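Please read the structure below before turning to the comments.
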Amino acid sequence: METQAFMQSEEVRRFNRELAELDLGPLWSAIPELACKEPTTGAIPYLWKWETLRTKLMEAREIFTPDRGGERRAIYLQNPGLKDRQPWGWGCATPTLYAAVQLILPGETAPSHRHTQSALRFITQGQGAYSIVDGERLFMEEGDFLTTPLGLWHGHAHPGDEPMIWMDCLDIPFIYALGGTFFEPHPDHIEPPSRPDDHSPRRYAGGLVRPVSDRKAQTAPLGAFKWEQTRSSLDSLSQFEPDPHDGVAVEFLNPSSGATANPNIAAWMQKLPAGFRSKAHRHTHSTIYHVFRGSGCSIINGTRFDWSEGDYFVVPGWAWHEHNNEGSEDALLFSTSDLPIMERFGVEREESYPKNGGHQEITGHFEPKTL
Amino acid sequence: METQAFMQSEEVRRFNRELAELDLGPLWSAIPELACKEPTTGAIPYLWKWETLRTKLMEAREIFTPDRGGERRAIYLQNPGLKDRQPWGWGCATPTLYAAVQLILPGETAPSHRHTQSALRFITQGQGAYSIVDGERLFMEEGDFLTTPLGLWHGHAHPGDEPMIWMDCLDIPFIYALGGTFFEPHPDHIEPPSRPDDHSPRRYAGGLVRPVSDRKAQTAPLGAFKWEQTRSSLDSLSQFEPDPHDGVAVEFLNPSSGATANPNIAAWMQKLPAGFRSKAHRHTHSTIYHVFRGSGCSIINGTRFDWSEGDYFVVPGWAWHEHNNEGSEDALLFSTSDLPIMERFGVEREESYPKNGGHQEITGHFEPKTL
Amino acid sequence: METQAFMQSEEVRRFNRELAELDLGPLWSAIPELACKEPTTGAIPYLWKWETLRTKLMEAREIFTPDRGGERRAIYLQNPGLKDRQPWGWGCATPTLYAAVQLILPGETAPSHRHTQSALRFITQGQGAYSIVDGERLFMEEGDFLTTPLGLWHGHAHPGDEPMIWMDCLDIPFIYALGGTFFEPHPDHIEPPSRPDDHSPRRYAGGLVRPVSDRKAQTAPLGAFKWEQTRSSLDSLSQFEPDPHDGVAVEFLNPSSGATANPNIAAWMQKLPAGFRSKAHRHTHSTIYHVFRGSGCSIINGTRFDWSEGDYFVVPGWAWHEHNNEGSEDALLFSTSDLPIMERFGVEREESYPKNGGHQEITGHFEPKTL
Amino acid sequence: METQAFMQSEEVRRFNRELAELDLGPLWSAIPELACKEPTTGAIPYLWKWETLRTKLMEAREIFTPDRGGERRAIYLQNPGLKDRQPWGWGCATPTLYAAVQLILPGETAPSHRHTQSALRFITQGQGAYSIVDGERLFMEEGDFLTTPLGLWHGHAHPGDEPMIWMDCLDIPFIYALGGTFFEPHPDHIEPPSRPDDHSPRRYAGGLVRPVSDRKAQTAPLGAFKWEQTRSSLDSLSQFEPDPHDGVAVEFLNPSSGATANPNIAAWMQKLPAGFRSKAHRHTHSTIYHVFRGSGCSIINGTRFDWSEGDYFVVPGWAWHEHNNEGSEDALLFSTSDLPIMERFGVEREESYPKNGGHQEITGHFEPKTL
């Protein structure tokens, strides 16, 4: 009998049911799903408009406050293709990463806690609030990137006078999948400072050097990477040919160890100069983008996704993608990905799009949900 | 309003529904689930009797043959607590690991393939078949442990004359969760040999030395660990006080790199001497056990699981567990776990059971499903 | 007989002579030397005045030119305590490191070569010349630090119009001691450029980020560290309490790997603020200092060494040392040491001076040789 | 003027003298020595006959006892080419390694001490004595290999009844060259046991597994490698084609870390089967050989060195060498080298002898010194 037909036969189906009742299962039936040539996680390419996010966030400010429960006033991005994952479907922007926008208002406090998930933040609007990480108050400004690897106490407070909004990214789905989630609230609600304010970024305000006391590898000797320096790096790197896939791209690093600033989640800042058109490629790691400045579009598996300042979009693993900036201003994209995890397990691969000079044919146009 | 009541209010529930329609989600509602003190994956402690497995395997021998589709005649262990995970519910013995028993008959062939999941095998019955791994035919005997890390071609064939049965363990769920699955069948159906038979175990038949040509770290310089040597190690180690939690326990290692023989999955062999009663502990990593010899019981989160030769059982992560051998013969347990993965991400913790001299009160008795 | 007397007896001395004739030797006689509680290499603390170095360098400009032989017009520092080491006595500032001042004049070329010794340069005077390293022309300015780890082609040329002077430091004695010296001249005399000028420093002009293409660990993704950035780092770090032993101190690092910029030789820049008085300590590693700016003194094993701009001085391993800046201007010290080597072999130790609040009693005053 | 003549001119020589008086030196004069294409350390190939060593050792037994001073009754091998090195000329078999034969008699004690040099021992004759390392008494037998990495307490005692002789190898010259020597005698003269006798070899008596408690990398989880196991490994490996340069060769490893058993000094056991003739090669690392069994010869840089049981010989770095066993019995060579150090500094190179099928022309015949 033909394999396909055989597998559908009553004999086989009855046997499989008997196995299921015994909490056993037939590998032979599962092989087609297992023997997939490439990763298929269900995650789809997707985009969320800033206008939508901002509106819901402002509505939420009326309804929720951090001390009314919930720890943080944050709205996360839900990849529709991962929504039905059980038991952990919520909060997956990609199979391994959670991403959200968080809003904190003057006078508010988000209590301190620590956990085995790694976190990072990219500040998109406002100033005056701080994160207190491991006893260090880091005052946040637009364009700043903060890293809070696993295990460090962290909380937020806002002694300033304007609303602050930032992007959060954590490896919650990944650590959950491992069965490695541990969480602990701080006994003092919000951790008190034990070091000078902005201690680490002030110690690291120039060049590729480290204070001698940080030579021994530490998790996060530098908690915040100020925008001024990141911008300055991009300006310098812009003197040269952009990378054909990534444009002018830098990665935040841990000055003690040379690893990515957050050990599980790579964080990049990319400039797509006005008129830049990248070549498509695909890779095992998935990426979450935030459009910091400018506008443009990305073609993902043939579908065009237009984006502008404030938007978020996801490129799932192994999806062909290319970015275009057809405008007259440079575009800046902040992104997070699980590239370090893929590398650590030896499953990272990359391929360049083989046809048409590296440019996909556009077969669809994504329409984002609006209010 | 009280937090709990507030979260259930119509106002909040309506807002949450609006978010869901926009493919967004409320962190505040999810925090109780996220802020869990300890890992909760849904995996439960469970046991499968050998009699049941063997019976179904023998039935399957009539119905399935590897070349009729399915690649391998294997029945996997399904943790009931993980059954409803979507999209990947099947094949999870633990959140990260798949385990199965495989049967191959004289004259059969299981075609060669390679993939990004790591595999290992422990031979429980029979002889005469071989695995061909990376061009090396490894003839398998009872008690042998074989490692096939990611990326190596592997297939099986049986020129011998008795049925062979072994335990398979792969990190399929973990690699799937990452979105890192790549699979490729061998162009020649079964890979032809390119090295002498049993080349690596014959090069490593004694002591803690390595052939000088293996000094550069390799994935699997030694593909098979013969039972004779493992048994001999356990005998030697038996001269000393057993570990209070693990008894007389050894771990298979990679002689090039000092890492576990399979980089993602730790494999141990433990002897519980007659009369041995371990002290309970718990740890982040989950473990799948095969009872190679003898009988006894394990208390897992207060439930007693009796086991005898051929049985399989699972200890999920963070579950209290202790093992007793009340018999007159030594018991031998082969086990696999995701300990290396937990360590690599810094989420491995261990605690000793704090009460009653390390012994849990038995509050239940597990009744395995029978035919 | 008493041990000491016994070892001097005729019987023993005659036996020892017999051994020597057979190319053998008596451990028992050597034990007192071997069983030394602390390292004793013969290296002594020492200082060379800039005036002297400059004068000889200027005389040398008349006599030597790179193309008349000798590869480079450099005068090295000779530690008097190491002068009689055979066969390698010359060129040792410390047991493991060579240091020299090099002068290159407009129009000159120092031919390209490569070797297994690691090199680094700190520019003390002038501008307009370049080092060409691995095909990249790095134009040098005062205060710049350049790293040339082992194996990279390097040469110098001077299209500018003023004399340039810099400090060289190489691990020549160490690699010689190993028996690991390999040297090769470039077939083209001076290597032609194969990358844009100042490519790497221009790619790294801000913050703790790296161009994404440098994420894979490389030996020297950044060849030159510009003074502006180093100065800026020191200014920032100056906001905080100086390290009691080292003042305001930064270390140059490799942005790909997190290791020291030169893998065998650590390079630091230290600011001793006006009025700063350090506490004494000692450590296994030896250090060579160049006074970049300002003046002050160091107490080394009780001897006071006064220094001013342009001077060089050596602190041998395990010597007590402290630095004072009694002036009204900040002092800047550039230094190189074998700290990475000591760490790699697990022999690095450190002790704080236990008496008198960390300040040694001054028992002598070093008089430098003058012309 | 021609370079050579110029360098010899009175003008240059006078200038160089002036520099020397100022404790400075001219790189230009030194460049010929520095710019050497290959390592030249002065070490020469050499051989010591066992008859000679044994005779002097027996004479020494009358003269010296450990407690009469000297710590150990050992006669070291002195490479004639390194004899005049200052200040450390004695005790160099190679530029980095010291090697000696040690004799201990029934009833004697060699006091415990610890130091930053790494040590290892290979037992050549006798039984009944033990080394006490880190509180573990290791009873030594012929063919056993013991490793004592830096920092561990070690001493010897002999409760047995026959003289014991072994080979010592330590990286004394290397650590001295670094300036990293620290030494400390044990306060109790000989360290008392704190673990069961032969604890570690008894825990490791089979296969490529490690007791689970040794999974965390340790310096020396296994202190002694019993001959039986090493011999068994060689027997197994003998089933295959010998390595063309090294014959049937195994390396002792650390089961916790996968590194060489002694982190700085590689230790190998090689079997040259009867009739085996290796092909010549050269490499940066230097090697000290002890002929454990059999006889044969080695051709080193064209000179033939005949050796037989008990002899020691040195192959300096970068010397061409090949080994022949023209006899009817297998030959066994134990060797130590600085290969790990060379690799750690990236200076290890290897070249095969390019002519005459890999066989050097014999241009000389070494005559060992005799009594």
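As written, the chains take the letters A, B, C and D, and residue 1 is the first residue of each chain.
By definition in this document, contacts are C-beta pairs under 8 Å (C-beta built on N, C-alpha and C of every residue); 3 or more make two chains touch, one makes a residue touch a chain.
Molecules present, by chain and UniProt name: A, B, C, D = Gentisate 1,2-dioxygenase.
None of the values given here were measured: they were computed from a predicted structure.
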Set of chains whose contacts include both subunit D and subunit C: none
Euclidean distance of C-alpha centroids - subunit A vs subunit C, Å: 43
Distance between the centres, which are taken as Cα means, of subunit C and subunit B, whole angstrom: 53
Set of all touching chain pairs, with the criterion as stated earlier: A-B, A-C, B-D, C-D
Touch list for subunit B against partner subunit A, complex: 1, 3-4, 6-7, 11-12, 15, 18-31, 34-43, 46, 48, 52-53, 56, 59-60, 63-64, 68-80, 83-87, 89-91, 94-96, 100, 102, 113, 115-116, 150-151, 172-185, 264, 284, 286, 316-318, 338, 341-342, 344-347, 349, 369, 371
Contacting residues of subunit A [partner subunit C, same complex]: 196, 199, 202-213, 215, 217, 222, 225-226, 228-233, 235-237, 239-240, 243, 246, 249-259, 261, 268-269
